[in-house]
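Per-chain numbering from 1; labels A, B, C, D, E and F assigned in written order.
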Amino acid sequence: MTTRADGRADDELRPITFTRGFTTHPAGSVLVEFGGTRVMCTASVTEGVPPWRRGSGLGWLTAEYAMLPSSTHERSSRESVKGRVGGRTHEISRLVGRSLRACIDLGALGENTIAIDCDVLQADGGTRTAAITGAYVALADAITYLKAADRLNDPQPLSCMIAAVSVGVVDGRVRIDLPYEEDARAEVDMNVVATDAGTLVEVQGTGEGATFPRATLDKLLDVAMAGTEKLFEAQREVLAAPYPGTLPTKS
Amino acid sequence: MTTRADGRADDELRPITFTRGFTTHPAGSVLVEFGGTRVMCTASVTEGVPPWRRGSGLGWLTAEYAMLPSSTHERSSRESVKGRVGGRTHEISRLVGRSLRACIDLGALGENTIAIDCDVLQADGGTRTAAITGAYVALADAITYLKAADRLNDPQPLSCMIAAVSVGVVDGRVRIDLPYEEDARAEVDMNVVATDAGTLVEVQGTGEGATFPRATLDKLLDVAMAGTEKLFEAQREVLAAPYPGTLPTKS
Amino acid sequence: MTTRADGRADDELRPITFTRGFTTHPAGSVLVEFGGTRVMCTASVTEGVPPWRRGSGLGWLTAEYAMLPSSTHERSSRESVKGRVGGRTHEISRLVGRSLRACIDLGALGENTIAIDCDVLQADGGTRTAAITGAYVALADAITYLKAADRLNDPQPLSCMIAAVSVGVVDGRVRIDLPYEEDARAEVDMNVVATDAGTLVEVQGTGEGATFPRATLDKLLDVAMAGTEKLFEAQREVLAAPYPGTLPTKS
Amino acid sequence: MTTRADGRADDELRPITFTRGFTTHPAGSVLVEFGGTRVMCTASVTEGVPPWRRGSGLGWLTAEYAMLPSSTHERSSRESVKGRVGGRTHEISRLVGRSLRACIDLGALGENTIAIDCDVLQADGGTRTAAITGAYVALADAITYLKAADRLNDPQPLSCMIAAVSVGVVDGRVRIDLPYEEDARAEVDMNVVATDAGTLVEVQGTGEGATFPRATLDKLLDVAMAGTEKLFEAQREVLAAPYPGTLPTKS
Amino acid sequence: MTTRADGRADDELRPITFTRGFTTHPAGSVLVEFGGTRVMCTASVTEGVPPWRRGSGLGWLTAEYAMLPSSTHERSSRESVKGRVGGRTHEISRLVGRSLRACIDLGALGENTIAIDCDVLQADGGTRTAAITGAYVALADAITYLKAADRLNDPQPLSCMIAAVSVGVVDGRVRIDLPYEEDARAEVDMNVVATDAGTLVEVQGTGEGATFPRATLDKLLDVAMAGTEKLFEAQREVLAAPYPGTLPTKS
Amino acid sequence: MTTRADGRADDELRPITFTRGFTTHPAGSVLVEFGGTRVMCTASVTEGVPPWRRGSGLGWLTAEYAMLPSSTHERSSRESVKGRVGGRTHEISRLVGRSLRACIDLGALGENTIAIDCDVLQADGGTRTAAITGAYVALADAITYLKAADRLNDPQPLSCMIAAVSVGVVDGRVRIDLPYEEDARAEVDMNVVATDAGTLVEVQGTGEGATFPRATLDKLLDVAMAGTEKLFEAQREVLAAPYPGTLPTKS
């Protein structure tokens, strides 16, 4: 039987950790680790919304994802120096934003913007799914912060929890939470974003130089949704502790 | 019962047409229409491959998607003038390239590149799926052209056909091939890229300000895969006619 | 005697066609063909004017010209991907805008902007002159649209018709409407923009690696102005038919 | 009778001066003044040619035109800071390059490039025509420099002289060498590039919010070509003096 | 007497910590903390040198500094998204590179490049001096790595240690290692880069809306150089431990 | 004894000249020459201030430095064409702005901006110090202009004079005002910006591939401050003459 290089079962997640209050300036700041993948996820609150949304009374949530040049196995070039954001970066930033907007009532924010930043400090596969999962925790902290400051129109704007995980077919087997060495040779690769209500937010499955039968898609989804259940448990556990910094007093 | 504005059944495609030989310079040039959505899809052959692939003996296939400024209901700004390609454009270009690379043996091309261009002349929903479906036909023509010129290492480098369709939940109903007015208010939106062998290449499903149960995903896939079957028939029919231009003679 | 490759007389235009209502979203949309050169010309109306013109009560007309990557004999690279508009593109965009502003009373528009887009689908010489000639027809349709919507301060803001044609010296002979194969080896190249009142809007003549006597300039102008007469006839004929779409009713 | 603000006759040039050897690093460096318009024109020689020309054995001549931010009546913004070259700058750079390539046998240079830079220190109308006229003198000096260094394949690669002048219709009168205050309100504006052999290199005439009869074009050309005769005299006179710096000895 | 908000003496550094092996992909990776300022400093080795240095037999060291958007008190915008690197970022990147090149014999590297990346995770004043001080430790680890891989021409290419500290005049008093709240209101601000041999690499002193007498400069230097002595002790102490990862074996 | 190539003593400046009224559109325009280094420095007044300063009642002073492509020994590429400003350019622009803001009471300007442009026509070392020294003279002229127009809130907003000079260690000797050939091989390089009150504005000292003892820093400062004294004398002398253009009358 083919076993995984790190000894995990096919449906076993890597060790997952969340460090809340990883930095102190943003309202929410979380270092999320999915094994060797480490992403700093922050949620910053700024007054105002983009021009196209002004006057609506609604808030906005935006997200940016990026990899530090030294986060990859071989150093990659810096997008600010190249002067343009690459297609992959753009695509993941949009995915993170869409995923988190699925759980929040933007009307509750008033005309304020929450900016999510997911900066990959170390990449070992699954950076986008770790980013989404960590960003949810940072977002939850930012909401706690806003509530303490009495800046919400509704006391609970988050309607559900959000987590994401990668699944794929490697060596002909369906596996979860692929590290880089598996991801690089996966035949099928899928990212699933789900809610703790058991519903789906995003499903993105891709054959990598191969195509896949629908039965494989079903199997991948089974494994992914079992995995997100474990991620929700981990999120709940870490969020059970109090807000990691000093909360503002109502103004 | 809610009916669709254009009178279609929920699982009925819009009228699909392919005009081969739409322009004459590229080896393959197809105008594809999915109802009011019209995309010019071309496949141009150039010698050489990108630097990272040189010396491999393998070819490459790349794709670029773009919308003309006047293709949308309200004129949109021109990306060349803004000086940067937007995230959506980047994302769809990558999707088109991945989708078509799934059906081609790049080794058969030698160190040549096929550049797919999908330029949207008129947008009315489903531009990315029309682009993929039309680009397959342009690619098939380009392969015919290369074969006539005796430039292929393998007489049949295409292992399957590729088509794509959008599906979504609108007014609580699962529908196929959404026009703009349905797409703009869909609760769930999914794009499916499939092969005529019944396998999947890409599945991208998104809740738009909503989340969706797995049963909906299954229903959406059922409808989509029935739709791609009809697209394969249309592709087969149009490709039964001879190459629309003058083929090169073997050099 | 040297004859032209396509059998035309030296002072004979290629077949000219205009397809009004080529696409449906813009107020004016015309596919113009000068032989193998095909340009999609649209005129879109948007509210407001650029910042430097606000408060003047005057409208504005702007124009953008671009070639699709697959429109040329050898595929050319996409300017949006390169991140900058090339000098030739800039220059022609400016020429198209200046040419059409010569025939319109911008005061009649109120503070609205007409955006002209000329996108070359297939290039075979004379793309800029075809663009101007086709854009006039699109502009005329947009004016009809605005009049129907009761959005004009003056019922006839167009003071004349505009058309353009290329002329040049090829094989020592003065010829009109050069296709690519003549244009590429022309000794002198001139573009003339004229009005149906017999006046000139722009004259741009260039020696291509050669200089030319004034007598040649005179001969080129004679031929060009006879050619634009034929273009005005063609424009008049096609514009005699009713507006190709549904006109708005007065609001 | 309407007289010009600076007292000139309609067909009279402003005072024209050339300062050769204005700076010392380039092979040719000339400050040209057309009245208040002052342009620093340099011709720098570099080894090698652009990639598309390598291996041809032919040289190349390229030109860049730019205005210093403080050269205009109201300070204009710096194009390097904006991150893109504007359309007008692009257009004039291309014009200067084409104009000077009309007088030089590029085969005589071997695979070397002459880079012309025309930087406007002070703008008062006619900057592009002053730039071309001054750049010819800088080019002649650079050729003298290359000849002294024994780097030419042909001792006299310049086949003619090049000069340019603006003409226009102002207050209903045809005038030459328009300063800013006339240029800003000219009804017709034309730039003519000519050779001392009496031939034309470029003619660019534009109606500014107006159109013009062919008779006006003829009158403008008469005046322009008389004006370039005077510019050739001035060029000949200033070039009669020896090279303004130290010539290299043959290597 | 005015005391500092954090209770330090005027000439007292904030707590300094170095975490070697902070990430695992680069040859050297150090998290440096100067109080609340936290910078991830990495040293990555890549084969080859920039084009202008090829064939010299010498290596190169380059550096890039950047702040994460969420690192500042108020979130700042992302330079990759803006499409250009700001002046401050450019300036500090250049400073870091120059500073570290002062201690390394580039000939010992052969034609290899060491890329230093300093990414600020949390900013609280003195980010550039922390970056330089931490980058030295990362560089030392990268050299240990290269030595183990037998890729150095010289066993000890580092000729000295490098550290940097900020000093300034705040509330009329000369102070060291300014946090943000002091930096923002400092009258004079100076950054000093020094070697453990007691020499200087860079001195950059600036009056912030004020000028300063030379006596102040002398006092600032006294304090800074005493401070760098303490930084060298801290560097020595942390570098006394073995390399934090797995060293390569000689190939 | 090693003597300097141009025969100067180690502590002797090159010939310094200022040409006021070098161009006529800006309120202040000065050509400054430090030997072969020639910089055109202008001070342009525009209404309004940057967005972040609006409503403050305070003015602003901004500066941009640039080198013309032909100003260097070997022609350098044009930053506007490259589409980005280089790090060195950015850094010097910031230095010039900071230096001049040290001498001006921005409150006296009201909400107006003075834009300083320093364009290097010819580079022979010390361009940034010449730029600052010349820009002070242009600024003084712009202030005279504003005073005449009655646009100042305070009749004397300049609190001191500003000048700058380069010093360095070349051939082991401390020298002032290094020309290019000395600068290129200097072991230590320092730029000092000082006021006529004997205080310092900026000190930037750098070891170039070497480090330097503090005693050298002291010696460099001695020489530099003696040099700026001479520059203040030269500035005073040239500013003793009246404003070089026509002053506005009070409105």
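Basically, a contact is a pair of C-beta atoms (placed from the backbone, for glycine too) under 8 Å apart; a residue touches a chain by one contact, two chains touch by 3 or more.
Everything numeric here is computed off the predicted structure, so don't read it as measured data.
J.: By the touch rule set out at the top, what is the minimum number of steps from chain B to chain E?
T.: Each step joins two touching chains, and the minimum needed here is 2.
J.: Chains in contact with chain A and with chain E: which ones?
T.: none
J.: More than half overlap in residue numbers between the two sides of the chain C-chain D interface, or less? Answer same or different.
T.: same
J.: Can you spot which option in D-F, E-F or C-D is basically A-E again, with over half of the contact pairs the same by residue number?
T.: Interface equivalent to A-E: D-F.
J.: Report the chain whose CA-based centre is farthest from the CA-based centre of chain F.
T.: Chain centre farthest from chain F's centre: B.
J.: Measuring between Cα centroids, which chain is at the maximum distance from chain C?
T.: E
J.: So what's the Cα centroid distance for chain B and chain C, whole Å?
T.: 32
J.: Counting in whole Å, what is the centre-to-centre distance of chain A and chain C, each centre being its mean C-alpha position?
T.: That gives a centre separation of 50 Å.
J.: Between chain C and chain E, what is the separation of their C-alpha centroids in Å?
T.: It comes to 59 Å between the two C-alpha centres.
J.: Would you mind listing the residues of chain E that make contact with two or more other chains?
T.: Residues 83-84 of chain E each touch two or more of the other chains.
J.: Please categorise the chain-chain contact pattern as a line, ring, star, complete graph or other.
T.: Drawn as a graph, the chains make one closed cycle, so a ring.
J.: If the ring is traversed from chain B in the direction of chain C, what sequence of chains comes out?
T.: Moving around the ring in the direction of chain C from chain B, the order is B, C, D, F, E, A.
J.: Applying the document's contact rule, which stretches of chain B touch chain A when the two form their complex?
T.: It is residues 84-88, 90-91, 93-94, 98, 101-102, 160, 190, 195, 197-207, 209-214, 217, 221, 225 of chain B that touch chain A.
J.: In the complex of these two chains, what residues of chain F are touching chain D?
T.: These residues of chain F touch chain D: 23-26, 29, 36, 38, 40, 42, 44, 46, 64, 66, 68-75, 78-85, 89, 115, 117, 119, 121-123.
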